[in-house]
Amino acid sequence: MSRTRYTRRLPAAAIAAGLVLALAACGGSDSTSADGAAPSAATDQLNPNADLTKQSLDITIWDGYSPKDLPQRVKSKLGFDVKIAIHDTNEAAMARVATNTDSGIDVAFVSGQYAQALNEQGLLEPLHPELIPNLANLYPEASQLSFDKGNKFSVPYTWGTTGICYRTDLVKAPPTSWNDILTPPDDLKGKVTMMTTERWLALPALKALNYSINTTDDKQLAQVKESLLKAKQWGMLYDDTTFGAKLEKGEAAMVEAWDGWCPTTNPKIKFMVPKEGSDLWSDTMVIMKTSKNKEAAHAFINFILDPAVHSWVAENILYKVPNKAAMDLVAQNDKELLEKNAPLKMTPAELLKGESIIDLGEASAKYTRLATEISAQQ
Amino acid sequence: MAGPSTGRPSRRSRALRPLAARLVFLGPGLGFLIVFLLVPLALMMSYTIFRRGRFGGVVYEATAENFGRLFDPLYFDIVLSSVRTAAVTTLIALLVGYPTAYVIARLPRRWKTIALIAVVLPFWTNFLIRVYAWVILLSGPGLVNETLTGVGLIDKPIQFLYNEGTIVTGLLYSYLPLMILPLYAAIERLDPQLREASANLGARPARTFASVTLPLTVPGVLTGCVFVFVPCLGNFVIPEILGGGRSIMAGNLIRDQFLKARDWPFGSTLALAVIAVLIVLLFLQAWASRAYGGTEGRRA
Amino acid sequence: MPRGRLIYVPFWATYVFLYTPIIVLVVMSFNAGKSPYVYEGFSLKWYAELAGDDTVRNGLVNTLIVAAGATVLSTVLGTLLAVGMARHSRSRLLDALGLLPAVLPDLVVGLGLLVFYATIKMTLGLHSVILAHTVFGMAFVAAVVRTRLTHADTSLEEASRDLGASPLATFTRITLPTLAPGIAAGALLAFTLSLDEFVIAFFTAAPTEPTLPIVIYSMVRFGVTPEINALATILLAVSFTVIIVAQRMTRLTETLT
């Protein structure tokens, strides 16, 4: 009996083993070719005269964060195809490019501290400034961002700060402090949202307690946790993506928001930076080391930094760009836009007063745990 | 969804089938399942004994710390509370689904078909849109609040969304058909003569139900419970959309270990823990089916 | 039947529960206003907007490619497996393995494949989703075909074998034609399951090639455009048609066989 059973299973096992081997072989050859190509390309071996029309780019970016016709414009100007993937959060983007799978992504748009983490993992291509002459358009302050001084592996695409976005007709007194979000008056409870992305979840409480937003001190984080748990108990809601729409519909009255996502075009909606101060965030463009289209990637970043392209961001989604030439163009084209949207008028010097969020390495697990603790609380 | 009834091939044992035949028929499918199901599961299992690297890779030194972390109250409570949420959903599905299936099974043939299709139809639209529909229904200015204020039951919109109740509603909405179908199959198979006999012997309907109908449909009940419980436990979309970011279930926790914390070893350990719970459940189900349903149990 | 009318309460409650959200979706898809909550009059503008939405169209095309590919693979592999399991094996372990993908939570299957693809460094794309969907599609095809097999009359097959036909000839001449309706039903099931599958696709799709459910997920996450309602209505109409057609077809095959 045992012998027949054995023989009966043998063929299946043999086939399976064969399939595994064949598959592993395919995978293996794939990876060696990638590994073989990457290091040589990584060490300053880009060809400035490469035929870009033979390349193509896959980029990952937030929804609505670039002009809809960007691929067509790149195609007609630079001659290569651009395919756009959408991510809804930094974490989703990281999951794409940092999971060891070759996602095929060439250029990723992620916030500064995530770019830093990617770089420390050795996943980013060091930038070749000679291929990005438009870097000269940037404000000098744009190379002083603490996650990447000197723009070695990232180019800032937008920058700004985090504050409180609110409906002037729904709040009785305009907010002045982070405590207004953490402990709002009773009539606003259920109409206040905070962000859930770990570092921005902790930010209001950290700043209200006058701590650094990059703290790794356990005692300080314990206080932050207590403050956030209290906020959850009275009914804080969490929203990273749709708080602007909720404000416009009146479902929310006061939210923690990035300046550019606060729909200040609506006359009833205002943005303010609490008196305790806030952060300086920057969303950046990075080139993946696995990219097989690095010349095109550099050309793409250079194209974005063209004032005529980069100004789109400020004019359409109301984010400040760290591009002096582009901001000057906006001021020239549409003075009224700047008048109506106060956050757009913040100067680089004012922005630099905010504290830059940097990657905390091992200690970032503390923030992950904090976020889990807050969401696990019933 | 119903499993295949394993008919014993009759007189099939006379000779060993030629090796080639088995190779041709079983080889491809089995090979595929091994490569794309068993190998991935084995890989996940092997990760459970390793450690997360500083930036999210895997450090290949053996450790038992992931299993220790399972009992960290933080994670343990999340898993426990999602087991509770899944159980509550399953219970409600059973309480609503049983009478529904019972009525359907007793409908005239033509209506039966229509009623059954009507149960399955919502299941065939996109799952995410179905969940999203509840946001529209339950939100502040949504239909439910409008109706309630309209008839004067309440004077201010109630915040229905974003609590455990909404999550249970969403889960129930998504998986109720998976309860009704096996229940229907079980009830439909009942021999009506049994109930008639019971009634003729003077048993009241309630008693007939309790002593005849219910015990005979236990296998269907168990199948339905497993069908609802399993996807509830692994769900991460419904807590996200209907929970307002205020709740987290085992599914979210596991997903986040892979995508947010980039801690594959611990994520794999959590996933394994969930599978362990499910295996225990399946064994319980098989055991109870056999105990109650006799031969019928094999079909569940 | 219990005499109480009480039992009809949960019955009707079930249908009200199942259909209220769907009716709301359909009605709101014709809403002239922008609010997803308040009906402001009839309009088809969200359908027009949907028709012009490249992301949705791209997602739909990807979904159809994936579903078609996965269906073909699932049908071939699942049918062979079902015949193999029913006619050439008595292993209960094998039975269990064949059902495993249908029982495991999709989250586990998806994550397992994510880990697997990462380990063998496979580039993600539509092919990675097709393979992933085949894992469960095959299990369902095998289950459906096996049910048909066990009900099928085996005497013809035996006669064929006794007359000296090879197993392969027996399979193609006798078994396959008998199984045709089961195979068709299995294929239809695999196709529809793949169309709507989100979780596994979420973990195995390339970022630039999202399937429709992934596109819908990001639409839902970013909130609340009435375009989603229009999309839901169309999907509903399509599945409704498919179900009716399938119902007619099975009735046809039933009368034919």
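Here the chain labels run A, B and C in written order, and each chain numbers its own residues starting at 1.
Just so it is clear, a residue touches a chain if its C-beta (ideal position, glycine included) is under 8 Å from a C-beta of that chain, and two chains touch if they have at least 3 such contacts.
This is a predicted model, so every value here is computed, not measured.
Common neighbours of chain A and chain C, listed by label, are B.
Set against the C-alpha centre of chain B, every other chain centre is closer than that of A.
Interface comparison, A-B versus B-C: the higher count of C-beta contacts falls to B-C. Distance between chain A and chain B, defined via averaged C-alpha coordinates, is recorded as 36 Å. In terms of their C-alpha centroids, the spacing between chain B and chain C amounts to 17 Å. Residue numbers of chain B whose C-beta contacts span two or more other chains: 22, 26, 28, 30, 32, 39, 139, 141, 258. Chain contacts: chain C has residues 35, 89, 114, 119, 221, 224 touching two or more partner chains. The set of chain A residues touching two or more other chains comprises 8, 23, 99-100, 249. Put simply, chain C touches chain B in their complex at residues 1-4, 7-11, 13-15, 17-22, 24-25, 28, 35-38, 76-78, 80-81, 83-90, 94-95, 97-109, 111-116, 119, 131-132, 134-135, 138, 142-144, 146-147, 149-151, 154, 167-168, 171, 192, 196, 198-199, 203, 212-213, 216-217, 220-221, 224, 228, 231-232, 235-236, 239-240, 242-243, 247.
Touching chain C in their complex are the following residues of chain A: 5, 8-9, 23-24, 26-28, 30-31, 34, 58, 60, 63, 83-88, 96, 99-105, 241-242, 245-246, 249.
Considering their complex, residues 35, 55, 89, 91, 114, 117-125, 206-208, 210, 218, 221-224 of chain C touch chain A.
Chain B meets chain C in the complex at residues 1-7, 9-10, 12-13, 17-18, 20-22, 24-26, 28-30, 32-33, 36-41, 43-44, 47, 95-97, 99-100, 102-104, 106, 113, 117-122, 124-137, 139, 141-143, 172-173, 176-177, 180, 205-206, 209, 230-231, 233-237, 240-241, 251, 254-255, 258, 264, 267-268, 271, 274-275, 278, 282. On chain A, the positions that touch chain B within their shared complex are 4, 7-8, 11-12, 15-16, 18-20, 23, 91-92, 94-95, 98-100, 117, 120-121, 190, 196, 198, 232, 235-240, 249, 251, 361-362, 365, 368-369, 372-373, 375-376, 378.
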